[in-house]
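Below, chain A partners chain B and then partners chain C, in two separate complexes.
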Partner chain A sequence: MIRAAGETENAADDDDPGGVAPTFSALLEDSAEDLYEHAPCGYLSTLMDGTIAKINTTLLGWLGFERAELIGRRRFSDLLTVGGRIYYETHIGPMLALQGEAGGLALELRTAAGTQLPVLVTSTVKRGSDGDAQLIRITIFDARDRLAYERELLRARRQADEERDRVRKLASTLQQTLLPPVLMTVPGLQTAAHYHPASVDEVGGDFYDLFPLTGGTWGFFLGDVSGKGAEAAVVTSLIRYTLRAAAVFEPEPISVLNNLNTVLHERFLAGDARFCTVIYGSLVPVPDGCEITLASGGHPPAVVVRADGTARFLHTPRGMLVGGVPNASFTAVTTRLGPGDTLLLYSDGLTEARTTGSSDRYSEEDLLAFLATANATGAAEVIRVLTDLLRGFGDGVEDDTALLALSVPGSDS
Partner chain B sequence: MSDVDVSSRHNVTVIGRTDGPTVLLAHGYGCDQNLWRLVAPVLAKTFRVVLFDHVGAGGSDLSAWSADRYATLDAYAEDVLEICAELGLRDVVLVGHSVSAMIAVLAVNREPALFAKLVLLTPSPCYLDDGDYRGGFSRADIDELLESLDSNYLGWSATMAPVIMGNPDRPELGAELTNSFCRTDPAIAQVFARATFLSDNRADLPKVGVPTLVIQTAQDAIASQEVGRFVHAQIAGSELVTLDAIGHCPQLSAPEVTAEAISAFAGAR
Partner chain C sequence: MSGVFAVTTRTVPTGTVLAFAGELDSGTAPAAHGAMTKLSLNAGDQLVVDLAGLEFCDSSGITVLVSAHNLARGAGAGFALAAVSRQLGRTLDILGLTGLFATYPTADDASAAWSPAGSREDGVV
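Then we have the complex of A and B:
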């Protein structure tokens, strides 16, 4: 057996401190040599080139080799699987060479019987008194149980990753069914919309739509259901088809909201305490533009940006949340869009965003001031500048945000 | 790409004689530029030595890494060219270790005019066996490696703990090692391992048009002597040196002879 200098240290064996209890006598018979050979872990020492110089009985037992088959004949890396050998060459070897130690590494040993033994390996370089590296000492722990546990953790982590991807896909697919895939084009008008989900994991609660009715008239709406996620999505879907059906049945905006309120309130009474805010609008083409009537149920006021750049709210006072009470009252407002005028509907994700670098919230007044100075004409341009604004808020946009704009092209375009 | 400049992105270090020829050292799979620690000071006596970390390794800017970009060796070769461009390097002696030997081949083939010479340290153009070609590994072997990287996935945090045994005789290997050396984000290690061990660059070897030195070791579990001879045979006019050293990293196991071999070739007229 090759033995390196300084390897033969013997534990205290005969200097009885006196008065030791008989139960310790067995311990005193223990020796460093016996501890080395039969330790509950594997010990291995190699020369600097990896040649095995010393190995304990425990490890030989695990591996099923005879001592003579290994000492001076095999390198430590010969005991590893091919993958482990590459890992040893590219990671462990360099760590030992440069920092004298490599610890806590998971490898697999190949036993004489050809089976694989998962182990945890810690190595240190032993240096002589002159500082020269002499040996690599390797301690090896049986990691079968540990490996099974870690594989389980890894499997759980991968499964969680997959689940997350699946949930995101589901959320985005569901979201798409709640929004028009392509915004319809109204003859003689420009239309544009933008949707910003606050979370990739959940379906947002904002919605909008634009659809044709009889006689060249159109209906449109934009709203916000309380809450988010799958349950909110169910209500959003209900609202969407109820509004469309109600508009065919009785297209006048206040009637549309009354019908929606009846449907939602029934659900509300049945135990799903969800409500929404929404602006519903009807659009009737007239020469050089269109006439718009809006009814609002508790939703932030629409904005009209006129051709001359001025911006103002279309207030609909006293409009109540939809679905919360049996006979909610709604108010309507009518305006005419001429060439160069734009109507904007939005949700409070925009007006309640935290502005960059402060705890202040953006506000409806800020939005009005922004649009008055943004010099944006036409639906597409207004949506573009607002999309840029939202992007500038970054993480400050904490809620879903929906934007819908309609405009009459300017006389010069 | 990232907004960070190329030098920060790659943690570029320049040492040695400012008036000497430029030697650019590219580290291989597994660790970072620290792998050159024992040879760089020797080379620095004669050369201007430029060291860097590949994106994803060591002190590189991890935000510049993406699984898509770094899925093939081409991206690494592009990075080498960007480093040369940013530092204004000319007549470069490019030294690539392990997988960086093939990265170096790709870089030299793209812009031969930038490079004076090429040194391939323990190179392998293809790790997989293919017909008569003996790369040394089967697909199952490489899958096993990828698997073993996964089993160090969770053990990784323990490895990252800054509990490094004291090196009283080598105090220069201090704190910086605890941060980066040989420790790679497991996701990045997976992608780099795939790019390294599954690529086949045999067809790129005959295109090398600069003087080339191939350095192999007497015993290398990753790139065999047979593979070294193959590389030498495929690059017309190349020289082959077999060092009396063990292992895949002769710059660590035999730094003096490795530095000597690089110096002699790089310094020769």
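Then we have the complex of A and C:
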């Protein structure tokens, strides 16, 4: 088209410079009348009462009416669906009367065939030289494409929402498989646990478990895998099963961690460079309580809250993170829980939480000081006060947090 | 989410110094791992990881340090950390790694202390 116009122009240049304007104009638009009739939008003029006075061919084509069926016989609102008619009469009419124009209105027209045509309508009032309103001029754009586009947007939005919900459900379901659904009850002990996920979208890497071994002894552990998400969850799952299997095979805590280290380090060498920190413990019932042996692999120290309210760490120095290096060394510590004593294992989501209103982080020492003054006795009570503490940190808890407590009921309870 | 991170490698008479600067986290750890795969370590060399410019190190960063240690061990080379911050030192302590990594105030100190025949400085546990 453009090239053709250019050629014509050149030809005209050579022969008749004076003939350029009319030829070019004729190619661009035949006439104002033709532009009105066949414009790529509908034009409609009505009297002030809405009676159709003039309508273009484009709009007649869309509607499927003959001109004579409409001019002087129908009102614009007759072309609208019932809802559109009410909206027109209650909103658009008054707006036109007040402001002389109304734009960007989404309405639906009824065609002669009975189908509905979504349109965008803009109206202005034409006034005579005396200022009196004479006509309403209405421009109508076919909005089928736009409506389809908006429906598509809505559909995409709905799909995105569903995807997000699905991911969250998957994350929470996966998380549940990494934790015991209900903590087992050890005869003569009280047990309690809490898991605080830092994100609803991602599976965290903390884990814990408590399970029976032979001869009335029990095994338990709490740990933290480096990283988050599905890949960390796979390792978390591997760790849980390895620890349980290793404990049956060779129940001594340091041996359990040695076996876990062998399994994890193979993965580490194979390219999945992840490690975990964990405390594994064995529990042997004795009269009036239990004997506990803990082995730590790079994990923050466990805390014992004694019946008299004092709290102290069970240090396991130089116990190395698990899986990073071959032949890692682990350290064990032994303690006895008597009536009223509580053992607490926790992950660093708690001790590295940002404390409210500051950039400072909570610490192991803060935790010990808190427990020493919290006056909480027994596993359930210790977990309760710590859950409240975590809640108080709010968004300051940036990592997942797992808590596991075991206690011997006090002599008075 | 990840901040600025830079890794530089330089050759010194005692071996190689790998310097990490900026934030070492899950976003930047692949760059650090990438730099390590390009190292050529000889038995008896020393690999020093210089952390003087390190501002942040999360668990992914710890993985990088452990991998660097394993790489040196695998090549029969020694391994040391230089300029470990107080906070990172505390983390390494909890993770039980202080016995695994020989640490020095500066990379030069690490080089000066290196003797291929000795086994104390090479971090072998």
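Everything below uses one rule, namely that the second predicted complex is superposed on the first by the 285 of 413 C-alpha atoms of A that agree within 3 Å, B and C clash if a C-alpha of one lies under 4 Å from a C-alpha of the other, contacts with A are read in each partner's own complex, and residues count from 1 in each chain.
The working rule: contacts are C-beta pairs under 8 Å (C-beta built on N, C-alpha and C of every residue); 3 or more make two chains touch, one makes a residue touch a chain.
Computed from a predicted model, the values in this text were never measured in an experiment.
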A:A106 touches, of chain B and chain C: first, second, both or neither? first
Which superposed partner A:G319 touches (first chain B, second chain C, both, neither): second
Touching partner for A:G93 - first (chain B), second (chain C), both, neither: first
Partner chain in contact with A:G83 - chain B first, chain C second, else both or neither: first
Which partner, chain B or chain C, touches more chain A residues: B
Which superposed partner A:D49 touches (first chain B, second chain C, both, neither): first
Touching partner for A:S329 - first (chain B), second (chain C), both, neither: second
Chain B versus chain C as contact partner of A:L120, first or second or both or neither: first
Residue ranges of chain C touching chain A (in the complex, touch as defined): 26, 33, 59-60, 62-63, 66-67, 69-70, 94-100, 125
Of all residues in chain B, those that touch chain A in their complex: 28-31, 34-35, 37-38, 98, 137, 141-155, 158-159, 163-165, 167, 169-170, 173, 177, 181-182, 197, 221-222, 246-249, 252-253
Chain A to chain B touching residues, read off their complex: 48-50, 77, 81-91, 93-95, 97-101, 103-108, 118, 120, 124, 127, 131, 147, 150-151, 153-154
In the complex with chain C, residue positions of chain A that touch it: 226-227, 268-269, 273-275, 277, 296-300, 317-321, 324-325, 327-331
